[in-house]
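Got some structures for you, see below.
In the two assemblies presented below, subunit A is common to both, partnered first by subunit B and then by subunit C.
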Partner chain A sequence: MSNLLEINNLSIDVKIEKSYYNIVNRLSLSIAKKQKYGIVGESGSGKSLTSVAIMNLLADSLSVSEGQILFEETQELTTLSNKEMMKIRGKDISIIFQEPMTALDPIFTIEYQISEVLKIHFNHSKKEMREMIISILKDVGIPRPESIMKSYPHELSGGMRQRVVIAMALICKPKLLIADEPTTALDVTIQAQILELMNELTEKYDTSILMITHDLGVINETCERVAVMYAGEVVEESSVDSLFSHPKHPYTQGLLKSIHTLGDRSEKLYSIPGNVPTPTQLKKHGCRFASRCPHVMDLCKEETPPYVEVSEDQVSKCWLHTERGEYNEQGQKASVASEEYEKTFSD
Partner chain B sequence: MNKVKKPVLQVKNMKKHFPIKGGIIKRTKNHVRAVDGISFDVQEQETFSLVGESGCGKSTTGRSILRLTEPTDGEVYFNGEEVLGCTQKEFRKYRKDMQMIFQDPFSSLNPRMTVKSLLLEPLMTHKLYSKKEALNKVYEIAERVGLSKEQVSRHPHEFSGGQRQRISIARALIMNPKLIILDEAVSALDVSIQAQILNLLIDLQKEFKLTYVFISHDLNVVKHLSDRIGVMYLGQMMEMTTTESLFNNPLHPYTTSLLSAIPSYDRNKKKDRIVLKGDVPDPANPPSGCPFRLRCPQAHELCETHKPVYQEVEDNHWVACHLYNEGIPERKRIRL
Partner chain C sequence: MKQFLKRLRKDKVGIVGFVGIAMVIIIGLLAPLIAPYGPEEMSQTHVMEGPSKEFIFGTDEFGRDIFSRIVYGAQVSLQVGLIAVGIGAGFGLLFGLISGFFQGKIDQIIMRIMDVFFAFPDILLALTIVAVLGPSLTNTMIAIGIVFTPVFTRVVRGTVISVKENEYISNAVAIGVSPVNIIIKHVTPNIMAPFIVQVTLGLSGAILTEAALSFLGLGVQPPNPSWGVMLNDGRALMEFAPWTILFPAGAIIFTIFCFNLFGDSLRDILDPKLK
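So, the complex of A and B:
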């Protein structure tokens, strides 16, 4: 299977008062054609930065310091000029943001805004455009599209606006749809509508999806593969099946454990101690999760852990999977810790 | 659980209608029926949760109880005493026992004050302690919620979201309240931090014998914390029962679809999802009859013409739906 998008060792730095801090560190992932790929992580872990970097829209204070983003194996997105990128944005790759109003202009009608997207990439007649817009609005479940397309964004509810944004993102039948927290601002019943809609439409249009979310439930319901991010790094990359049935990285294990004890009132809710480090708190060397990890060893604080293939479809960035990490500070065999986890997890 | 059954809080048929003004002379044209006649009791040391979608009136209910906004109608009893009839000044004596914690810890904390002065402030306004006693109390409570002595002299913006929420909790706790209303208190926090704060809230409740009214749209969190749950829609209570029976035996069609919409964390159990049509109607123009009827998969003729009665259909299980006018038919027991 050939890759539609391939990110290799992408690093992004931020400039704060003349110093550079690393906020996305050597991120690699690849998305196959028609694949539904997820990035999950807590707020500030670098999910949105990754999506913005793919669109080549990083703010001036931010820069790609290393790595490549290959689209369809030939185009290196980080090196394209804005003019070249314009041909790709909205046509080959579209993006949906958390807050629909970031994509919609309050002073123009829905019809006008969708036709603007079409005009950039095609030369359709007015009548053709009208028909295309009506048909895509129907596809995203907007009732009475002929009259709704004449309305302004503020006249629509949050759920309807997000549908319009999806219609706008899909109108050129993109090969890749990036959805950055597309349902976080919506209620659960509307979230369910939108996720179902996205699943349907991407099947219909053969679009690959990059779903970015902080919610493992959304990953479970929509994705085939997933990258778990922590403090700017991918800590585990896996099929969604493997991630849920045998998570390998201590951070992923912690997240799943806190979710699975939720709702079970007899048990204390499992929690990961401490806080997510901010970019200025990060050290150059060592594991970024070390300050919160229940299995931390001396080694972890000094040396950066490698990516290790832990099962046939799973990679995890942790010393525990290597020979050097076999014994932790208490002299306990590290793999025991992982087995212990799986035991509590399978109950 | 062996809790003494004594209502700390009783809300009876409370309404809050916000006027919508229009035209040049700003005449009231219509009303947003934010809260439209809701009733519930909260027992001592219980956690009672209010759930429902955005705009259904959860926050307005919480704010009305504390008279941060004046309810339009209804009664509220605190420890058996009616507290809506008295003046705001008289109400102050109850306020010390009823605290509120908000979603966004940053906007509710004055950025110019140190944590120490933030915590001292309520103690000093109520003149309950000498300065020295008050300071000791501040350190004691701060430590209890997990803030060190050194951290107490810092400003709120130097803290992360989770730590700021600890500060808000300390601020509510320092008055020794009986009742705390928590409005989306953990909703803005990341999963790994959310768990820390929820554990803290549960521990504090036992230790200080607190009663919680917990407002949230997150049903997973609510399930973890609550003894009983009320489900609101368009300013009205649709269903109210124990946590266990709400999740295992939901009766109201709205509750059923709300539960089925939660994204599942279980890889093996794919849900039969009930996807609701359309959006929540405008609370200024609610539909006739049942407020849920425009989205209800089981709506029938009666639902359009008559508003369903909110009634106790079995022990401790209240529902407002015409499907249960004759009690609960066996086949209606839906299991998820």
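So, the complex of A and C:
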């Protein structure tokens, strides 16, 4: 299967007062056709930036310093001009933002806003557009589309608006749908509906999904493969099943431990100590997670860990999986770490 | 729009302002029908007469009917107000949109120029421009328009910057709308509320500035009936014939008052936070 989107060694820098700080570091991932891919990470880990970079919409203070983003193996998105990019946006790649309350322009009707996408990319007659809009609104589960399309955004609830946003994103049958925390602002019951809807529709339209979220539950429900990001780096990349059954990177393990499950009556929730380092705090060498890692070794602070293929479909960026990690003075860390982890989970 | 009218109907102060403005506009438009005499028509037998049945606001030193001159003066005031604010608001909108939407260097350049204009007191700047262009009705309007541009630019720029942060703007970019279309279709309509309020308040400011310039002899030139010119004419006669100054001043105060009332109530009505 050929790859729809391939990101190779993508680095993004931010310019603060004339000096550059790295915020996304040598990120590589590839999304196959019809695949559902997830990026998960804390706030400030660079996941949203990655999506913005794919759309070529980086703010002026941000720049791609290295790497490429290949779309359909031929188009290099980072080098396309704004004009060429405008043809791709909304048609081949579309994006759903986090906040459905402000995602629609308050002064236009739903019909007008959806038709705007069609007007830009196709030459349909008014009647055709009307029919297309009605059918997509039906697809996203909006009752009475004929009357709803005449209403204004403030007349709809948050869940309905997010459905309209999804309709807007999917009406051109894009090849890739980027969903940047699409359910964060919705309440839990609606979240599940929206995720299910996205799953259904992307299958119907043969669209790949790039799901960006901080919620591992969302990843579990929608994705096939997942990349865990920390401080601008992918620390672990694997199939969703392997990630949940045997996470390898200490950060992923921490993330999974922090999930609160229903009926869990333990007094305190687990949390990873410390915060994601800010771009100015990052060092050139060493593991970026070292300051918060429970298994940190001296080696971690000096040398950047390599990506290690821990199993057939799982890559982790950690010294623990290497020989140098195991023969460290603290010895046998890797095995200890996963045993410890499995113990806490079987409890 | 329906909602807007409903809210306006509830706001009594706003209605007073609105009715007052409507009156001034109607008087201005129907001046030839309302005024009993021509604005420059002199009567040698009725010089400096106090208010009477024949001349309800009295006459001035040339025997001109003050009521008729005030009625015709409404035309001048409205004309100056609309055109000057049109110039100021038009340029202000253009500069504000460019400045707020693109930000960066162009924003810096535009806003620093506006700051320079801001540094002068309104009247002084208008005086200087009129002095350079030469006193006439047209030049007064141009001068007031230039003086008002920075205020509009600031208001528009500020609103654009806040509107731009909304996700529907990023959404529009993400579906492939070009920047120019985003400004025209998505940004401009969304900044209209504060802009319209500023226009209403600007109208009263422009009328006042015109009166002041005319009073100083650099605006509308006599014998054209401008309220400011009338004030200037009556200045010397104040002690003997107070009506020559009382009624034009009253007209100015009434008009400004109505515009401000209406502007204030518009601001309350259009404030999205109160919805």
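FYI, the second predicted complex is superposed on the first by the 324 of 347 C-alpha atoms of A that agree within 3 Å, B and C clash if a C-alpha of one lies under 4 Å from a C-alpha of the other, contacts with A are read in each partner's own complex, and residues count from 1 in each chain.
Going forward, contacts are C-beta pairs under 8 Å (C-beta built on N, C-alpha and C of every residue); 3 or more make two chains touch, one makes a residue touch a chain.
Predicted model only: the values in this text are computed from it and were never measured.
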(message) With both complexes overlaid on chain A, does A:Met168 touch subunit B (first), subunit C (second), both or neither?
(response) second
(request) May I ask you to decide whether A:Val188 touches subunit B, subunit C, both, or neither, giving the answer as first, second, both or neither? (result) first
(request) Determine, under the contact definition given at the top, whether A:Met86 touches first (subunit B), second (subunit C), both, or neither. (result) second
(request) Kindly classify A:Leu49 by the partners it touches after superposition: subunit B alone (first), subunit C alone (second), both, or neither? (result) neither
(request) Please work out whether A:Ala103 is in contact with subunit B alone, subunit C alone, both, or neither, and reply first, second, both or neither. (result) second
(request) Using the touch definition from the top, say if A:Ser258 reaches subunit B (first), subunit C (second), both or neither. (result) first
(message) Once the two complexes are aligned on chain A, which partner has more residues of subunit A within touching range, subunit B or subunit C?
(response) B
(message) On subunit A, which stretch or stretches are contacted by subunit B in one complex as well as by subunit C in the other?
(response) none
(request) Provide the residue numbers of subunit C that touch subunit A in the complex, in ascending order. (result) 104, 166-168, 170-178, 185-186, 189-190
(request) Could you pull out which subunit A residues touch subunit B in their complex? (result) 42-43, 157-160, 187-193, 195-196, 214-218, 220-221, 240-241, 244-245, 254-256, 258-265, 268-273, 275-276, 292
(request) Sort out for me which residues of subunit B touch subunit A in the complex. (result) 53-54, 160, 162-163, 190-196, 198-199, 202, 217, 219-221, 223-225, 243, 257-258, 260-267, 273, 275-276, 279-280
(message) Per the contact definition, I'd like the list of subunit A residues that touch subunit C in the complex.
(response) 55, 57, 60, 86-91, 94-95, 97-99, 102-107, 116-117, 120-121, 165, 168-169
